[in-house]
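For reference, chains read A, B, C, D and E in written order, and residue numbers begin at 1 within each chain.
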Amino acid sequence: MQKIGVFVCWCGSNIAATVDVKAVAEAVKNEPGVVVSTEYQYMCSAAGQKMIQEAIKEHHLDGIVVCSCSPRMHEATFRKTAEAAGLNPYMVEIANIREQCSWIHKDMAEGTEKAIILARSAIAKLRNNMPLQAGTSAVKKRCLVIGGGIAGIQTALDVADAGFEVDIVEKRPTIGGRMAQLDKTFPTLDCSACILTPKMVEASQSEKINIISYAEVEKVNGFVGNFTATIRKKARYVDELKCTGCGLCMAKCPAKKGKNEFNMELDNRPAIYIPFAQAIPNVAVIDPEQCNKLKNDKCGLCERVCTAGAINYKQQDELIEREYGAIVVATGFQPIDANPLNELGYAENADVVTSLELERLMNAAGPSKGTLVRPSDGKHPHTIVFVQCVGSRCDENTKRGKPYCSKICCMYTAKHAMLIREKYPDTDVHVFYIDVRTPGKNFDEFYRRAVEQYGVDYIKGQVGKVANENGKLMVQGSDLINGEQITIAADLVVLATAIEPDPTARSIGTMLTSSMDTNDFFTEAHPKLRPVESPTAGIFLSGVCQGPKDIPETVAQAGAAASKVIGLLAKDHLVTNPCVAGSNELLCNGCSQCEKVCPYGAITYIEKEVRGPGVREVRRIAQVNPAVCQGCGACTVTCPSGAMDLKGFSNQQIMAEVDAICL
Amino acid sequence: MSVNEKTWKPKVVAFCCNWCSYAGADLAGSGRLAYPAEIKIIRVPCSCRVNPMFILRAFERGADGVIICGCHPGDCHYTSGNYYARRRMTMLFSMLDFLGIERGRTRVEWVSAAEGQKFANTMNEFAKTITELGENRKLGDLRCK
Amino acid sequence: MTKETLVPVLGVVTDVRVDTPDVKTFRVNALEGGKCFEHKPGQCAMLSIPGVGEAMFSITSSPTNKEFMEFSIKKCGCLTEWLHRMEVGQQITVRGPYGNAFPVDTDLKGQSLLFVAGGIGLAPLRSVINYVRDNRADYGKVAIVYGSRSKDDLVDYPEIVNEWCQEAGIDVYLTIDAAQEGWDGHVGFVPNYVGELGFNPDTYGRALVCGPPIMIKFTLQALEKLGFGHTQVYTTMELRMKCGVGKCGRCNIGHKYVCKDGPVFRYDELGELPDEY
Amino acid sequence: MMRKFAAAKVEDIIKSIPMPVYAPIEENGLVQYDRYEEGAKLNLDTCKTEKSPKDVLFPQWEDMMHFRVEGKNISLTEQERCSQDYVLFGARACDLKAFEVLDRVFLVDPVDTYYAARRAHGITVAIACGQPEDTCFCGVFGIDPANPTADVVLWKAGEEYYAEAQTKRGEELMANWETEEANAADVEPVKAEITKKLAEKPFANLSLKGLDGDHMMEMFGSDKWKKLSMACLGCGSCTFVCPTCQCYDIRDYDSGKDIQRYRCWDSCMYSDFTLMAHGTNRPTQVERYRQRFMHKLCYYPANNEGLYSCVGCGRCVRKCPMNLNIVKVIKALGEENK
Amino acid sequence: MIANELKKRALELLADGTVARVLGWQPGELEHDWSPALFENAKDMEGFVYGKYAGANLSKYCLKLNKAEGKTLVMLKPCDTFSFNQLLHEHRLNRENFYIIGVGCKGMEDQNGLLLKCTCCKGKTHEIYDEIIDDEEARQPMPEADRFEQVSKLEQMSHEERFEFWRNELSRCIRCNACRNVCPACTCVKCVFDNPNSGIASKANVTDFEENMFHIIRAYHVAGRCTDCGECSRVCPQNIPLHLLNRKFIKDMNELYGDYQAGVGEEERTPMTSYTLGDVEPGIVHERGNE
């Protein structure tokens, strides 16, 4: 029989005023297992704690129940007390007879009766407690950043600055991401490249940062502090170490029909190319779909012109396996495909463009060298219509777009309108909008400037149709303020297309077992209190992969994610919470239900030989990684066989409490 | 034991998640917001830890009402626990209803750590409902009477 | 016999002896003192802690002990774990005696006896051994071969060393499975030891074997090799039992119920039964 | 002495019996033995009740004793044994024969007092089977459905019941019934009809040759068990509807206030029936299946002078979800030994 | 005749070593008492039958056969394939251990006529198979009954009526476990009701509570996994309409969380292992209906 000690606290008069503490101590004396039961004025005081410790030693107690204030207040205190006396800290149970008894009841008899039941319930639970040991796991001092946009770069810089190694894995040939494609940034109108490229250079020059470009994460195993990632570095056919980025090969390459992704496919690039002048790494890459040498073993011109001897047609994909303590997801976004939105005529009309295409059209390094022209005929447009919320804020049931607000469109449209009116004052600019959303520092001022100072015509209403009539784009829309249908004959129509998570996000989320919402944005561990962490421990979120945001927000979040990573990597060991789930392998069916409800991806399955009474066979059974499990218990209820149980809150413990309360 | 209608008092078990509702109950306590002593709280890490078995067990052992309290949807400490709890309890309650057990003996309420007043109000309301429903005769185990 | 088939009497634990790391021997008395009931060597009793369960255990004390009964219990399941937590003064329920006992007054009488036991298998034999010691004149020579995994797992070691070994006409052979510091006795498995010792079936007219199934199996083979006939060897069986009175339907081997027709079987009797044990 | 009464009066007779009466009652289309109460739908014509009347003597669960544990002390209160006479009305020959089978388990030393008390207080009123069913094969076990063994036996002839007390208790019971004198010879055609009908049933000619205690090893070692048991789900429906299955479990229920020790039916078909802390001696359904039929056709007869513990009521034939049954076993194993 | 075709094909597959055994049906002693059976060679196959008394769902037997050496040919009716597929989703079976012949079905019978489960047929399409053998007639759709009709009727009743209804039904339960043991979703290596450490183990319905408990928990544990194969009600020796409990859950899940059929397609989250942010609150079940 276990030996249990019960200690009833008066809490001065806080408890003793409405609970007869002596009666409580007396009443539980004969409970099974109780060998000592006593009371004291302040159990949490040094004297009270000493009393508990002495009782533990004197009576060789296996467990103690403290009837006192809320466990949220002093559970940790009494666990330490017990531990100091040689008792396992998890053999301590608290009966909350203050917040949930003495403070809310006025009648002494009633309060005492309830306190006795609460004490019995705690004793009943304690009889089913097991000593638990907190485990530790070592932390690998290296961080993986998936995505090399501004979010990934900023996180990497901050983590590296704290002295930890960082690998940035970028799927494109260069880092820089979407921000590199932007012309100017709101609300200051400074040049995007001017503020981004120094950061790219800084990242490339940092001793702690290793940029793995043109590469994708293929597999991730492990858990917080101990991830192993397999990274596929795609064949560039160019030796990164030898290539000087001189660009000669680009000039000589005869295959010039490749779509220029960087310019939103508004112009072409050669089969061997460097995405843009400031690319990091500034190394060429061969597009195997375009290259005649790789496709038909003909040409080979670039190899011949390359003085550095960097061209290598035989290059293969390379698999890199590395261990990380933390992983940051910074996979960013892409604009949605506007092709399916038939009524806006994007698919048919070259002069209906997306905002990101407009960025390139206005950029000095863009296809038109910064002169705003119509893609169809290269002429200067005189009437431009902007259409807001294209694919954003859609009714979920219509499946025509995203339910959420893409957040950045109002501001960049104001920016575009302003820049156009500034550079080409003869241009009429109309903006169809549902609402204009400008919460942000200097944002509303910026928008008002567009309207008031630059005379941009904002029309509240939605566009119903864009039709091409003899080269003019007839934009039909409603003007809700004037209550009329209007048609504007435009030369250029710009669609503020919604942004959506990068298409690789879903597979990365699955790989990392970090949860995502229905829109494929990564879910944060807590929407308010832990906005940069994934529920899966050791996975952090940076930038738009978590939800639409603009550059300053992205950078802020990137920094926050970095500080969380630093906080993790700064530890040598992680102490794991011992109140975690565990599966009884003799009962487990391996049915995979628990895995589906685990918010942390803590459950995996193995084929294992199970041995028990009359049992010896290989079965698929669930395993809980105690370093990852947070102890919520979702799995325990999903498990039909009762194989999955939660330490510290086991089925038996809770049922014992229920029994004691209902007695 | 004969049950005297006048002295009969309901037995109510309240499962409260550690992070929100249990804290809410503590707040009700610090605010000295009274609710009936017949309500006894069992602390669970999350509302998703509440197994339908526990609820049936409580009724078996003589409880007259069971209430499950958790964080508001969206606020779960474990991100999704209360969403699972919500489905599980919906299904369980529906089955109890289908078997003809009185409605109202079971309830789910989302109570945040800041809602001490709501906690007390909920408990008072629930105790009142259970008192009106009277003793749980349909789902108890005679051996525990 | 307890008055009613399935209704136990109350007993109280009056002594707890720790024999090995997982075996304890409990002394049980009736509440009013004395024994709960009389029994014959080899018989069993149902012990129970209400709410935990009921299980059958050999009565390890000899019927010649008129003061108390003893049970040596190995911790191996839920109930035995609870039993091991018992302290002096703990009440338990007891019913019995059950089973058929060794034929100490018939077939064994006048014979020299070879006892072979492994581990906790000594428990039923100890009852017989002490019965024989107390009725020394009725029996011939006695040889006891007893082995266990290690020296720490030998049950009743003090009694064996201090009493049995000291008694004239009793040869005690102890062995452990693997060599161990502090043990200068024989090392090896019981069946092999029995073979090595080369008991003569003409000298030892009857052999009584009890232990884990695998040990019984090989010991029977060893005895057979030494020339022991099937009618000369007795062993005891253990199967799941619930009622103790041959009614609940669990413990049958063929048409025999271990709790009622057993647990003691002569080797030749087992040969006539289906092999389902 | 043969008496008779109008069939329509049977309910009045039951109502007049001054003690509890258990009779086949129809509810939801199922006929089961239950305590007769005013308004219940009596059904004496259905040959086979869903479950056998075994429950009356050996209920599915029974409270045996209560314990209270306080500190180290235990107190025990025994549940009282049945002390009131009752009547089992309408039982069939097979069911009553099954009582004999149960008696040889529960009433042999050491006597099961719970069972014994119920048995002693029961007065049986049997009805000869007017309409044997296709699944009936009681005749195979030497049971004559036309001549049940009971305190009182009823035969239905046309719109009348003929009744004859076979024991003194039966006479006492019948003394209060409103009956008229009858000629015993009038019942003979009824009996002959029953015998004829039974002989026409599909399993009437089942042979038990080679199935007995003497063939234990052959039966046990047969390689047919594997195929026979393949479809067995390991449920307990056959054992629970069987009038002779008597395996039980003893369990404790801790209500928190006291501990109730109760006995309940168990089934040798269950995987945990013989499970111990270190395994089970019947690890697969093959062994469990074999145990059940070996017990009925071999072990029991070996211990009881050749009496089978199957009475051919055919309930298992009707109830097995997968249509496994003792008939298939008898045919498979019996033939083997021919 | 479809039975002959099946036999022919099975013999071929046995002969060429594709499968080591065949799981099918064999006739009994009476007209209707067919049983599931294993056939290991051509001689065994002489006893193979298929037809209107092949009502048993063979999926559950596959659990045991999953460990057998070599492939098993299993014959599955359209509704049985849902169970089999669900077992695949739950990793209880390895697809490569089975060769599935989807067999046509015209509705199954027992001595009392069309089986209850066949009155609401899930349709004629097999969810999973290696090949299909059926005939034109078997492809005719069954008359379609509303499978939730009785559940809805019960929902319309008052609480007292419902309570009475279920007390009446469940009080007949003899805890033979036929429903559990036949259920292709009840595949726990050890059922909580058999596990002495689960806290709810029991072997008999000593009180009304235990009757309720067993059936509530059983239905709850298979909720979202139950394919509505109807075997539980078919095998109940006491004719308890147990499928109504499962259908109640299915109906609720369909109504509250969107239509869902277990055993369809690929492994995915069941309604009980998923959620949406906008799920209804549990209180809805207390507000439904008009009482």
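Quick notes
Keep this in mind: a contact is a pair of C-beta atoms (placed from the backbone, for glycine too) under 8 Å apart; a residue touches a chain by one contact, two chains touch by 3 or more.
Only a predicted model underlies this, so the values are computations on that prediction, with no experimental measurement involved.
Of all chains, the one whose CA centroid is most distant from that of subunit D is A. Compared with subunit C, the chain whose C-alpha mean position is the greatest distance off is A.
Closest to the middle of the protein, by Cα centroid, lies chain E. A separation of 47 Å divides the Cα centre of subunit B from that of subunit D. One inter-chain figure worth recording: subunit A and subunit E are separated by 41 Å, centre to centre, where each centre is the mean of the chain's CA atoms.
Here the CA centre of subunit D is 31 Å from the CA centre of subunit E. Listed for subunit E are residues 192, 197, 199, 206, 272-273, 276, each touching two or more other chains.
Residue positions 597, 638, 651, 655, 659, 662-663 of subunit A each touch two or more of the other chains.
In subunit C, the residues that touch at least two other chains are 78, 87, 90.
Residues of subunit B that touch subunit D in their complex: 61, 141, 143-144. Those residues of subunit A that touch subunit D in the complex are listed here as 30, 32, 613-615, 659-660, 662-663. Taken together, the subunit A residues at the contact with subunit E in this complex read 518, 586-593, 596-597, 605, 617, 619-620, 638, 640-642, 651-652, 655.
Residues of subunit B that touch subunit A in their complex: 11, 13, 18, 22-23, 25-26, 28-30, 32-35, 37, 40-46, 48-54, 57-58, 61-63, 74-75, 77-81, 84, 88, 120, 144.
Within the complex formed with subunit E, the subunit D residues making contact are 27-30, 32, 50-51, 60-61, 134-135, 202-203, 227, 230-231, 233-237, 239-241, 249, 251, 253, 262, 264-267, 270-272, 317, 319, 321-325, 327-328, 331.
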